[in-house]
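Once you scroll down, you'll see the structures, which are given as structure tokens.
Shared chain: chain A. Partners: chain B in the first complex, chain C in the second.
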Partner chain A sequence: MGRTIPLPMLILAVLGFCYMLLPILVVVLAGLTAGEFLTFPPEGLSLRWVVAFLQSEKYLSAFFFSFRLALLTMIVATILGTAAALFLSRTRFIGRGAMRAFFLSPVVLPGVVIGFSLFAFYISTGIGLTRTIWGLWIGHILYSTPYVIGTVGAALASYDVSLDEAARSLGASPMRTFRKITLPNISQGIQAGSIFAFIVSFGQFEVSLFLSAPNAEPLPIAMYNSLRYKFDPSAAAAGIFAIILVTASVLLTNRLVNIGRLLEKK
Partner chain B sequence: MSSVEFQGVSKKFGGTVAVEKTDIAIEQGEFFSMLGPSGCGKSTTLRMLAGFIAPTTGRILVNGRDITDLPPEARGIGIVFQNYAIFPHMNVFDNIAFGLVERKQDKATIKRKVEATLAQVGLTGYEGRFERELSGGQKQRVALARVLVIEPEILLLDEPLSALDKQMREEMKFWIKDIQKSIGITTVYVTHDQSEALTMSDRIAVMNEGRMLQIGSPVDIYEKPSSRFIAEFIGDSNLLRASVTELTDTGCVVDLGEGVAVPARVSDAVSVAPGEPVGLLLRPEMVRLMPAHDGEKPRLSGKIVDEVYQGALRRYRVAAGTHELVVEVPNRPELVRMAAGTPVDLFWSAESGVAVP
Partner chain C sequence: MTTKKTLHTRRSFLQRSAALGAASAIPSTFYINHAWAQDTSYDGGVFDAGGATLNVGEWGGGWEEFVRKALTDQFEKDFNCKINWDSSFPWFPKFVTQGAQDPVFDICNWNLPNLTQTKQAGDFFLSTDEVRENVPNAADCWDFAFASGAGVTWAYMPYVYAYRTDRGDAPNSFRDFWADRFANKRGTYGTENGLMHAFFMATAQEFGKDQYDMAAAFQALEDAMPMKVSEFTFNMLSLLERGEVDIAVHIEGEALSLKRKGAPVDVWQWDSHPILTQTKTISRYADPMQKKLAFALLNRTLSPEFLNAFGDEFMWRPTNSKATITASLAENGVENTAAATEAFWVPDWDFFVENKLDITERLNQIFGL
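Here is the complex of A and B:
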């Protein structure tokens, strides 16, 4: 057994890893501080801010609101994104490339732009979505769906269409073919896309800033608002829970996917 | 009534014509091959029959029934793909059972039929395997079993052997032909390999650029090709420049230049006229090569250019006047070897030469 990665690459990889993990470490340690203010390094370790978070009506409701919002966003984004990816990969027409780029544009557009455009749209059309839960949900769906289109699109790109053709000529209708053949073979892409959608929605800040209703703030907005007035370590404690939730959802899905593999092998 | 009938079928993709107006009639139980170079429209023709592509013009009939507008699932046609298209998330049993499940047959019947088909293709005991646990040849068998188990009216095979190694290909060639014969199922086979087409088919359609150039038995196609393209595409060929001097009952007489006149046959599919320039097709194995000597008058005389050793054969290149041709000689010790420069005489029987326009 030899090392298969050249040493310089390995060093770079470790550095990159540290670079990505450091902010997380800072948040976790800051949330565990024993001091009165949000500082780093922390002034001694304690769970007092974690307890404060768990007792804070404002943070807890924001946390669970974000959770529900991300879950509902994930469901709609997964359905829309999968349908869009299928349409883009299965049809041939002039302007398909442009359409794909358009569908994926929310990934590259700054969130501020999307948030502001929707905000302006809601206000100018007066369709009653300005600063409502529904308006916020729509914004999150718009922002998350491209991630599903991306991952499902990648799964479909390597999908062998003759599998579908074989199923059709063996007697399966288009709908049955999709359910019994296509779907099981692109499910990994769909699952990856839906985790992405969940995480992206859960951490979304800019779109929420413009669209969230005053009585229903998602967690990032709640943290931002409280930090504006008070340098309160319970925001970092809230961050700890957000990190735990996201990590757990990734690990859980990973596990589910692998269990699926194992079951298949019998 | 033909088993499969194409009536004026053509296919255009945008501006490009993939298949030109085609009429074919394939008989019940026939093994019909479509042979041609890459991009000539073989797969397109097959896929129109399977229902994956709608023809631009024309009708397709199966056992007299017009299926042109039926979706693939309503056609009762089985197709085996080049890459087999085994469902990767199902084991061998479920793959083969798929068509039966779609036909809502009961569990016991499905089990019985799948097992019988597995035995037929020699894969008993492989029920639980997945695609990634099968060799190329085994995948091929599963793909065929999956189709045969639903007892389709027509069997379609699109280059089913091209993903296998040479030895496996030889073996599967005969195996597929045997199964096809024993069931007596009408089969349309697509290939660009002439040896597959010659060995397996009852009839071959040679295609080029979307057109069926000649349809006939392997013997017809090989021994009386109707064009230069077919003569050169199938087997090795010598095409000598010639011109028709007169027509006869069996074909014609052609002039090879310098006063050499030889008889030649002509495909029924074409007609030639005196004075017309043609190619005289001589297969390398049909020509007899002898060191020059007095006696029987040769058809041509020339000199050996070089010799290539091929194990079972020796291939000689011979220059005869303005012509150059390749001659194959069986590698037997009693046949003398001829060095470059040796003067030689060339003989062939009257039936061996074919005039192709």
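Here is the complex of A and C:
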């Protein structure tokens, strides 16, 4: 079988992958250093910082807190983002473009601005969300939802609406049409959006800096604190576990979706 | 069904407006935390806080892990309270946004430049005198522990040059940092780092008329380029260890920790003897129980037992005259005596904060940031 893409494009693609993957390699190797400090190249290889991470109550609680937070954020962001994308793609009204820009604005604005704005909003309204886990969760949802809107919106843009019309003409209710026709066809977009939401929430730093609750430190904040006060490679070791988690999430989601498709075919 | 008719007249409108106005004033009438809080006193004993929560702003990471084990875990048990630990620095925007009347933390640990900035922004903290009256262990502290005017400094470290001992003669003056042999091998910090703030003030003092001579400091720092600019002190240690930097602005304890690990590194204390401090403040408008707990926690922080343990772990020096200097510092001749602490200099952080924007902008230009 012949090559399907031109050689220059192939070279560019390989270089692009290297560019994206090298920082990950640096994190992994830095976390496996035998030295005292977070440096690259590592001073020998050792699992001592991985063990230190696994024995650190602080890191482990931050890791699992971030995991739970990202999971809950992903669920809500996926529902809200999908609904918003459907609304934007299926309704025609003046100002739709402006509304789309409004929905996507959390991605455009710096995270620090969003974090501080929400912090100030919680305080000025006195709704009891200042420095609470709920307040932090809302911040993460706000920041993650546009990624779902973007990917689901892209899936809907290439979606043939006549499929829905055919289903309706055959007597399917709007809900049944959505469940049986629309949803399966845009599932790839939803899947990609939910993964994005999870990853963005798991790695979110700026919003968390202002909204995180006492005694509930997300992993990026814990890593930042470690770098501020110790600069030992346990932060990189934590990074290794974060990379493993995110990769596993992507693979697992892919697998679940594929299984769903197989079942559907049967 | 009959309906009651309401007659809207100008008089009734004014009456309702007045009533609404009075009602809206009620919360401020009930805002009497301050009055109660002024009556809060603490005598040094243990009391039952009935499960109250104390909001604490403190550093995170390894620092938090140690302080929890050595201080706050036992404190929670003894006083029947819960500590809400927040390590998401910076504190300044949080204090200012939430306002003095509704303090974000009941007790908070600071470096002086940030504390001064917050202190200048409002009536957030009890004065030093108010704290001293209610914290018995403060009576044993050296005078410089109260120099901030808000709160009490409980630990400190002199600013030093950390230098590699295998790269020629040791520095013996502040200006040695500018020696030609250290070109591009000298290290300092980004403009948001407190060590850079102290270095700037010490440079002004050394090269100018006094510590307020900013022009002289800018010129000297320009002359010091090229420098390696780092964000964190521990990152600087790794640069020193790898030999990418031969001399660096640093603090005593952290730099000596590298020496303890066998690296060819030693420290030289600046002639002007500025010190990096850890200062705890207590919020003026904290609720009475929280304020009492804050007094108690500060009292325990100042206890020789905790300060000795903390010094052994992180090599900070205690401000309590009854505490001891950790062995590794004592071996180098460090003492905790009145004479040994006399020379310490606390730069005028009020001046620094007032000029911080200009200083930051100009330093960023010099560093090419």
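Here, the second predicted complex is superposed on the first by the 253 of 266 C-alpha atoms of A that agree within 3 Å, B and C clash if a C-alpha of one lies under 4 Å from a C-alpha of the other, contacts with A are read in each partner's own complex, and residues count from 1 in each chain.
Operating definition for what follows: a residue touches a chain if its C-beta (ideal position, glycine included) is under 8 Å from a C-beta of that chain, and two chains touch if they have at least 3 such contacts.
What you are looking at is a predicted structure, and each value in this text was computed from that prediction instead of being measured.
Look at chain A after the overlay: chain B and chain C fit there side by side.
When the two complexes are overlaid on their common chain A, residue A:Pro184 makes contact with chain B while staying clear of chain C.
Judged by the touch definition given at the top, the superposed model places A:Lys58 against chain C, while chain B stays out of reach. Touch criterion met: A:Leu209 reaches chain C, while chain B stays clear of it. In the superposition on chain A, A:Ile123 contacts chain C only, with no contact to chain B.
Geometry note, superposition on chain A: angle between chain B and chain C about the Cα centre of chain A is 150 degrees, to the nearest 10. Among chain B and chain C, the chain that touches a larger number of residues in chain A is C.
With both structures placed on the common chain, the touch criterion links A:Ser173 to chain B but leaves chain C unconnected. In the overlay built on the shared chain, the residue A:Leu163 is in contact with chain B alone; chain C does not reach it. Residue contacts after overlaying the shared chain place A:Val76 against neither chain B nor chain C. Here's the short version: in the overlay, chain B gets within 38 Å of chain C at its closest Cα pair.
Contacts of chain A with chain B, set against its contacts with chain C after fitting on chain A, share not one residue. Within the complex formed with chain C, the residues of chain A that make contact are 36-39, 56-58, 116, 119-120, 123, 130-131, 208-210, 212-215, 217, 221-222, 225-232. Those residues of chain A lying in contact with chain B across their complex are 160, 162-163, 165-174, 176, 180-181, 184-185, 264-266. By the touch rule above, chain B contacts chain A in their complex via residues 50-52, 71-73, 75, 77-79, 81, 83, 85, 87-89, 98-99, 102-103, 128, 130, 146-147, 150. Residues 55-56, 59-65, 84-89, 93-94, 97-99, 102, 104, 232-235, 237-238, 241-242, 261 of chain C are the ones touching chain A in the complex.
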